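The two complexes that follow have subunit A in common; it is paired with subunit B in the first and with subunit C in the second.
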Partner chain A sequence: MLLKNTYNEFVKILAKPRSYLGIGALTLLIAVILFAMKADGASFISFVTSSFEQTLSFNGNILNGNLIAFIILQMLIIHIPLLVALVTGDLISGEAAMGTVRMLASKPISRSSIVLSKFIAGAVYTLILTIWLGFLALIVAKWIFGTGDLIVLNSDGLVILKEQDIMWRYGLSFLVAFLSLLTISTLSICLSAFADNSIGPIVSTMAIIILFTIIGSLDVSVFDKIKPFLFTTHMASWRSFFENPIPTSKIMQSVVILLAHNVILVLIAIVKFNKKDITS
Partner chain B sequence: MEKETVIKVDHLAKSFGSFQAVKDVSFTVSRGDVFGFLGPNGAGKSTTIRCLLSLIKPDAGKIELFGKSFNTSRAEILSNIGSIIEKPDFYKYLSAQKNLEIFARISGASVSKSQIGEMLEFVGLTGRGEDKIGGFSHGMKQRLGIAQTLLHQPDLIILDEPTTGLDPQGIVEIRNLILRLKNEQNKTILLSSHQLSEIELIANRMVIINKGKSIVEGEVQELLNAQELVVHLEVDVVENAKQVIKSHFPNAQIIGETSNELEVAIEKSQVPDLNKALIDNRVMVFALEPKRKLEDFFMKIVQS
Partner chain C sequence: MKKILLFSTFIFLGFMSKAQDANEILAQVVAKINGVTDYSVDANIKADIPLIKILPVNATIYFKQKDKFRVVSKGIAILPKQGFTDMNSFLAKKGAYMVVESGTKTIGEIKTTLLTVIPTGENSEFILAKLWIDTKRSLILKSQITTRSSGTVNVDYTYTDHVEFGLPSKLVFTVDVKKFKLPKSVAADLHDTDDKKKDTKKDEKSGTIVIKLTNYKVNKGVSDSVFKEKK
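Up next is the complex of A and B:
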């Protein structure tokens, strides 16, 4: 029954216009970035490299597809959560708003299976969005801008990664980026279990991301103890794969915390939905 | 032979915060019954029905469907029930066919596409399967809702206000569909409705609930026959008729009058004598019409 309802969830997601809004918006955003970089990427790069020009000389195709992909990922990882929440925040509460939840919950499928099938469908949608992001950021950017070594400016300084040493890093970084977005998806599904309208969970998800991001960026000791446990602290962990050496333990810690968030949020959603009186 | 009990509700109670929606509701539905579930707005009908479908967890009381409880056999029970609660809501962005496929997949039975086509035909929606629900009228959605309840061939059908919002033609269509389910498929049907005349026409048993409590339960005809009739009389001289009634039938009550009409509450067995007494006393009777209706019975029960 879980698999059958998961299939149902895919049918619903594929038929909803808003599902394509996220993919369309992502495509548009990346197209704008690619256009801007093609039109005036050189001055953008010289702005970044100018502080190093007295000590270093940059040769070759710096403004290549690898760098563009890095820029895109860094710029969009903050905005994509909204596109994810737009679809996943509606998965349970949308059924309540539409009235279909009472038809769904009066069928011989457990409420836990209903939540789990929505979580799986939300995860697959998030994966598709991440793959689309990867395709546009890496494949299309490389096709337009060519390939080359990647120059990354970290807090420790400048890191130059060889062209042949990049793709596996992108592969793993997209996996961690997916896990970050999956946490957003699960959070919005969890909030969706508490609401009877579509907008509430989407707005609440964004409010939580903003709040946690602000807490994470405030350099105040009172928040030091909770910062490591906020999922927003670990949303930029994908970037760690572009450090040398790669901080494996730091990445693993982020992965564990993000996974823990997912498990806890799914459990909360299951408990809430099982206890809920369906009155809508 | 005693009929199998399909629904047994025993002292059901449910509160939402401080509001007690259902206080003490009990009734029994047997196999093959078309059971009328009546009550005024806010009586607790929808809450009770939602409890019957495990959408709401009761605070107290016991519910057994097919002799089983939700605690041990939820999926088994629900796979044998088809329901419309208040109004059938579907995924507006999907076609009627896709909607039925979605609900068929989780109905606990194997339903083929051809069966879905047959069901659309049964409810009079042939050729509309590929149309999106967004363009459907309320009546079409109701009929699709009935198709959805029947897809998995359930033994019990629960219809909560299936004619709400329908025009007279739609009401007749839904009534005919229910009668076909009763006559052709021998389904057990629990029917909640504000259309009391519908219940009177369709149901063989009923319960009336008011303010969260079940007030009366039994065979529809027995309950109605046990009541005194209201007889509508059209006569030449009302005063003469009133005198005859008062002198011959001291227990009868005149409950309404106009210049040449009377409404009299009287035992059913006394109606022929009333007619005879009026004629014997030279009162010209132009019309004598028994007005016993479920509406009268319902109002009497609810107001008492």
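Up next is the complex of A and C:
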């Protein structure tokens, strides 16, 4: 029953035009970045390497598909949450707004299963978005720019990774990026359980992301204790797969915190939806 | 007065004879270098530079007189900007510099003569070059090149197979890294923690690049198309 309901929920997502808006916007954004890099990628690279290039010369194909994919991921991981929340933030509250929530609750399925099926459908949509991002960022960028070693600028310097040592890193980083986006999806579904209109949970999700990001970037000691527990602190942990050596314990810590957020938010949504007095 | 004049003449003549010796020593080195019209060589490049983490890279280096130079590698290879072939090109320009003998030094078991090369042009990229030369074989064993843009680069040369052409089998570059800075906005990392900030490598002032050169093909002809960048 859960699977059938999940299928129904996914069909509902597919039926909404805004679901394609996210994929379309993502495609357009990546096309713009690819065009910009093709037109003037060299100056973008020199911004990073200029201080080294007075003494050293970098030989080889630096501006390759692997680097472009990294740049795309870095640029878009901040904006994709909006595209996710746009669809998932409306999954429960949208039913209330349209007046279909009572009919949904009268189905021979528990309210917990309804929330779970919406969560799974939202996760599938997020996965599709992440795969599409990966396809455009990696496959298309490699097709246009070719392949080569990846030069990454981290806080402790430049890391140059061998071409044959990159794909597995991308695979794992996309998994962590998916987990980050899944947290956004779960947060918006959770907020959706509290609202009766579509726009509220979407805006609230973005407001929370902005608030947490600002807290995370403020170098004030009063926030030091809460920063490690904010999900926004761990949304960039995909980047850690491009460090050498890989900080495995830090990545694991991020994964655990993101998973904990997902579980807690789903539980809150289930409790709220179970207690909800459905009158519409 | 006569004594002072005599002493000055003696000093001047001494200096001139030393400069003449120095010119002869350098001319022999340059003649050896100029005997190479082109070459290609396989290189293994190992860079140990603060703020840069890179594994050793294999590349092929092509050179053609006067100053055509290209490194072809499958991956990204880091080389010092100064001190590879540009020094040889500079030394080949007679009249662009003056040379002074500045003493002797034993490197390994080889007695070398230190030559100081000072550019005569005001706008020269080179400020000063010190060359430790094995006068018996007319080979540069060590150099210290100071340039306007790159600071000081020290190069240690090791020779095995191509001594007759003055082509080294190993080069160890020690480069200045004081000017290296990371653009903060790009380097911003949410995993940036205190232990990373305390990284001692950031305080290092020099880095080394070791280039092992094998399989020289000297004066066999290198096509000009090799030096054209593929776009």
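As a working rule, the second predicted complex is superposed on the first by the 279 of 280 C-alpha atoms of A that agree within 3 Å, B and C clash if a C-alpha of one lies under 4 Å from a C-alpha of the other, contacts with A are read in each partner's own complex, and residues count from 1 in each chain.
What we mean here is this: a residue touches a chain if its C-beta (ideal position, glycine included) is under 8 Å from a C-beta of that chain, and two chains touch if they have at least 3 such contacts.
As the structure is a computational prediction, the values presented were derived from the model and not from experiment.
Clash-free side-by-side placement of subunit B and subunit C is the outcome of superposition onto subunit A. Once chain A of one complex is fitted onto chain A of the other, the partner contacts of A:Ser221 are absent, as it touches neither subunit B nor subunit C. Residue contacts after overlaying the shared chain place A:Ser43 against neither subunit B nor subunit C. By the document's definition of touching, of the two partners only subunit C reaches A:Ile151; subunit B does not. Legend: residue contacts after superposition of the two complexes on their common chain; A:Ile160 is shown touching subunit C, with no touch to subunit B. Shared-chain residue A:Thr100: touches subunit B; no touch with subunit C. Of the two partner chains placed by the overlay, neither subunit B nor subunit C lies in contact with A:Ser249.
Rounded to the nearest 10, the superposed model shows the Cα centres of subunit B and subunit C diverging by 170 degrees about the centre of subunit A. Partner contacting the larger number of subunit A residues, of subunit B and subunit C: C. Superposing the two structures on chain A brings subunit B to within 41 Å of subunit C, judged by their nearest Cα atoms. Those residues of subunit C that touch subunit A in the shared complex are 49-55, 59, 71-82, 149-151, 153, 175-177, 179-183, 186-192, 196-197, 199, 201-202.
Those residues of subunit A lying in contact with subunit C across their complex are 47-48, 51-62, 148-149, 151, 153-160, 162-163, 216, 233-237, 239-240, 244, 247, 250. Per the touch definition, subunit A reaches subunit B in the complex via residues 1, 4-5, 7-8, 11-12, 15-17, 98-100, 102-110, 275, 277-279. Interface residues of subunit B, counted against subunit A in their complex, comprise 16, 50, 53-57, 74-79, 81, 83, 85-94, 98, 101-103, 105-108, 148.
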